[in-house]
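Each of the two complexes below includes chain A, the first together with chain B, the second together with chain C.
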Partner chain A sequence: MTNTDVDSAVAVLRAFLTRDFSTYQSLREGLDASQRQAFAVVLAAAFTSAATRRFGEKPPAADVIEFVAEARASYPTAAGILSAEDAETVIRASTGDDDLIGALDGRRSGAAQTAMLFALTRENGAPAAAIDALLAEAAAQAEDYFQRRAGR
Partner chain B sequence: MAPQPAAPPFLSRKPRRPWRCPVSEVYQASEITQPASEAPATAPPDASSGPASADNPGSYPDDAPGDDFAGYSDADIDAILAAEDQLPEPRTRQEAAADTWDGTPDDPAGSDLASEYDGDVAALLAEEQQLPEPRTRQEAAAATWDDTTPPGDDDPGTFSANPATEYDGDVAALLAAEDQLPEPRTRQEAAAATWDDTNSSQDDGLDTRTDGSGPSQPDTVTEPPARNNEGENGTPGPTEGQVDGHAQNGTDVPVTIEYLPPEARTVADTTPTGIGRKPTGAEILDMEGDDRTESRLDRLFDEMVKEAGDVSDGSGAIGEAIVIDDRSAPGPSGHSQPYHATTRTAPDHPVPPDPGASDAVSSMTIIGVAAAVALRHAVSALRKEHKA
Partner chain C sequence: MTISSHHVAALHAALTDDADAFDRIDREIGLGEGRDFPALLTMAFITASHLRFASDWSTADVIKFVSQVRIRDGDRAPVSPTLAEQMILSALRDTPFSVPAEATATAYTQFILMRRLVSDLGDERLSLLLAQAQDSANQWIAEQASI
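Showing the complex of A and B:
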């Protein structure tokens, strides 16, 4: 795992969050195995940071349920793929409910985190600068994680 | 002689098991059949029974002293006696039991063990004769110890080379071992001595040895305990002490013991000296704060890395759906609306009419004008025809 892999993952996620969908689709399809690992970690790191900022540690269930319901109502096509339970699970897992880590398989977890991250960044019309700051923090966490993982 | 009445009903007898009907039952049967003497006087005497209901004068006088059969006729008494004559000879209980035992499968007389009982007794007596002389429990235990414990093991008797005096050797060894013990003391005395050993010797030095020569049991009191029960906030503070311990290599090392007041001990610590100190809030944060978050993130990242391919696929699938939703969302400028419009401001100018509505009005106006023109042309054409 190299920093280049993390940068590639960050580029994919940035294109998606800034609604540059054509770039997003082309970059995502070109990811190799290492870059996919980097993408998975960057996605999880960015989503965890955004969810913690939005909800705090161990938020009330009502807050999570309300947010997920509004997001699914705004994106009906995505709501047909993503269940409310999966979306709530990833939010609770990233905000302190450790027992839910690993409760979903990779595909459902990736879909839920991607959709909820998009909803979180669009909730208040986050500018591109805020998205860049969020992704920079996620990239730093991912690189730190991979360094520690290489040292194990 | 009076005619003999029918014999009283006799119960069936099992073969080889004679049963004797008791006399009382014979009497009872005679009463049930109602003796002839108690028959109504108006009834004519039965020819077959004859004079059975009449007492024979002089034979069984009813007024004889001690006559229990005064209510019976002589014929009844004769019948009773005749029935008794048919009974077998009286037997003892032993004879009856022996008869009952006969014929059963467990009858020892019917097998080869007929004389087993006497033989058993004889064998037991013979075995008793072979037993040694009686001995005490102590003697038996000593003999067992000597027999089962090989020399050189735990048998104290190994002090004695002569097997004959081995038991005495055991006793001697035990006595010698007892002589080496300290004087007996009570439990209270032992506890007090232990308490004194552990509560003495104060020092502020900490044991920081990491070379494996850890301290052993403290044994020497160096200083009396210095009480320091006032903490920073006026709360009772710990009392520290130092005792000398022996390292594994024999050197003395100071050991610091912290005696905690009950307020400073951890939850559920009721031991005399305290088993642990309650951590402060800062210590708890240092212990669990960042590590816990890092641990959770690492677990989350580990899960994501394990299934990175599926995560990427799931992200791609939901991303395409979000692209569809985003493009299909209507917007005033042709772009999709943001997910959330958190604030809505009042427009400064009146909202212009919708372009679609104005187009419709214009179209209807044009059509109306055209229709009116066409109608006027048609009316003028009809007038010209009438004039012509």
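Showing the complex of A and C:
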């Protein structure tokens, strides 16, 4: 795992969060195994930061239900693919409900995190600078994670 | 199999939190036996869904409605949002309900949703809705018997 892998992952996620979906699609399809792993870690780090900032630790169920419903209602086509259960599970797992960590397989968890991260960054019309800051923080966490793992 | 006025009265009692009346009717005719009561509940649910959502309803309306039901009924046993959304969407689209789920979970979800679907109706409109559901259910039963 290299910093370049993390950079690639950040570029993919930035394209998605800034609604450049054609770039996102082509970059995502071009990721190799190592870059896909980096993407999963960057996504998880960015999502956890954004969710914790938005909800705090162990938010009331009603807050999560309401946010997810608003997000899914804004994108009804995506709502047919992403269930409320999955979306609520990834938010609650990342905000302190440890029993839910690992409740979803990697594919479902990644899809739900991606969609909810998009909703979290869109909620208050987050400017590109805020998205860049979030991704820079996530990239630093991902690099730190990979360095610690390599040093074991 | 026929939906009688007892079944209608029992559903009315359940939807208006009259547990004593519901229990009394249940003891008299045994609501848990047979498919009459579930058939009435299903027909009333479909009718109430069409009544609650305007003709230009959207999937977003259904998602938001289900979320509000779950928030309001948070102290009860949780309702699956996927099950609840699909149940209402099937009713509104007049398509068969095809989400795999246990019969108990389906009936429970249907009832919880039904309570909220009719919560803004007065007693008179609720009675009218249940009478309409009774007619529709009996008509459906007759049609099934003739096949």
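Quick notes on this structure:
Throughout what follows, the second predicted complex is superposed on the first by the 152 of 152 C-alpha atoms of A that agree within 3 Å, B and C clash if a C-alpha of one lies under 4 Å from a C-alpha of the other, contacts with A are read in each partner's own complex, and residues count from 1 in each chain.
The definition used in the following text is that a residue touches a chain if its C-beta (ideal position, glycine included) is under 8 Å from a C-beta of that chain, and two chains touch if they have at least 3 such contacts.
This structure is a prediction, so every number in the text was calculated from the model and none was measured.
By the touch criterion defined above, A:109 lies against chain B but remains apart from chain C after alignment on the C-alpha atoms of chain A.
Contact with chain B, but none with chain C, is seen for A:101 once the two complexes are overlaid on the shared chain.
When the two complexes are overlaid on their common chain A, residue A:124 makes contact with chain B while staying clear of chain C. When both complexes are overlaid on chain A, the residue A:76 reaches chain B and chain C alike. Contact with chain B, but none with chain C, is seen for A:25 once the two complexes are overlaid on the shared chain. Put chain B and chain C next to each other and count what each touches on chain A; the higher total goes to B.
Chain A residues 70, 74, 76, 80 lie at the interface with chain B in one structure and with chain C in the other.
Interface of chain C with chain A (complex): residues 58-61, 63-64, 66-67, 70-71, 74, 80-82, 85. On the chain A side of its complex with chain C, the touching residues are 61-62, 65-66, 68-70, 72-74, 76, 79-80, 83-85. On the chain B side of its complex with chain A, the touching residues are 296-301, 303-326, 328, 338-340, 342.
Residues of chain A touching chain B in their complex: 16, 19, 21, 24-25, 28-29, 31, 33, 36-37, 39-41, 43-45, 48, 70-71, 74-78, 80-82, 93-94, 96, 98, 101-102, 105-115, 118-119, 122-125, 141-142, 145, 148-149.
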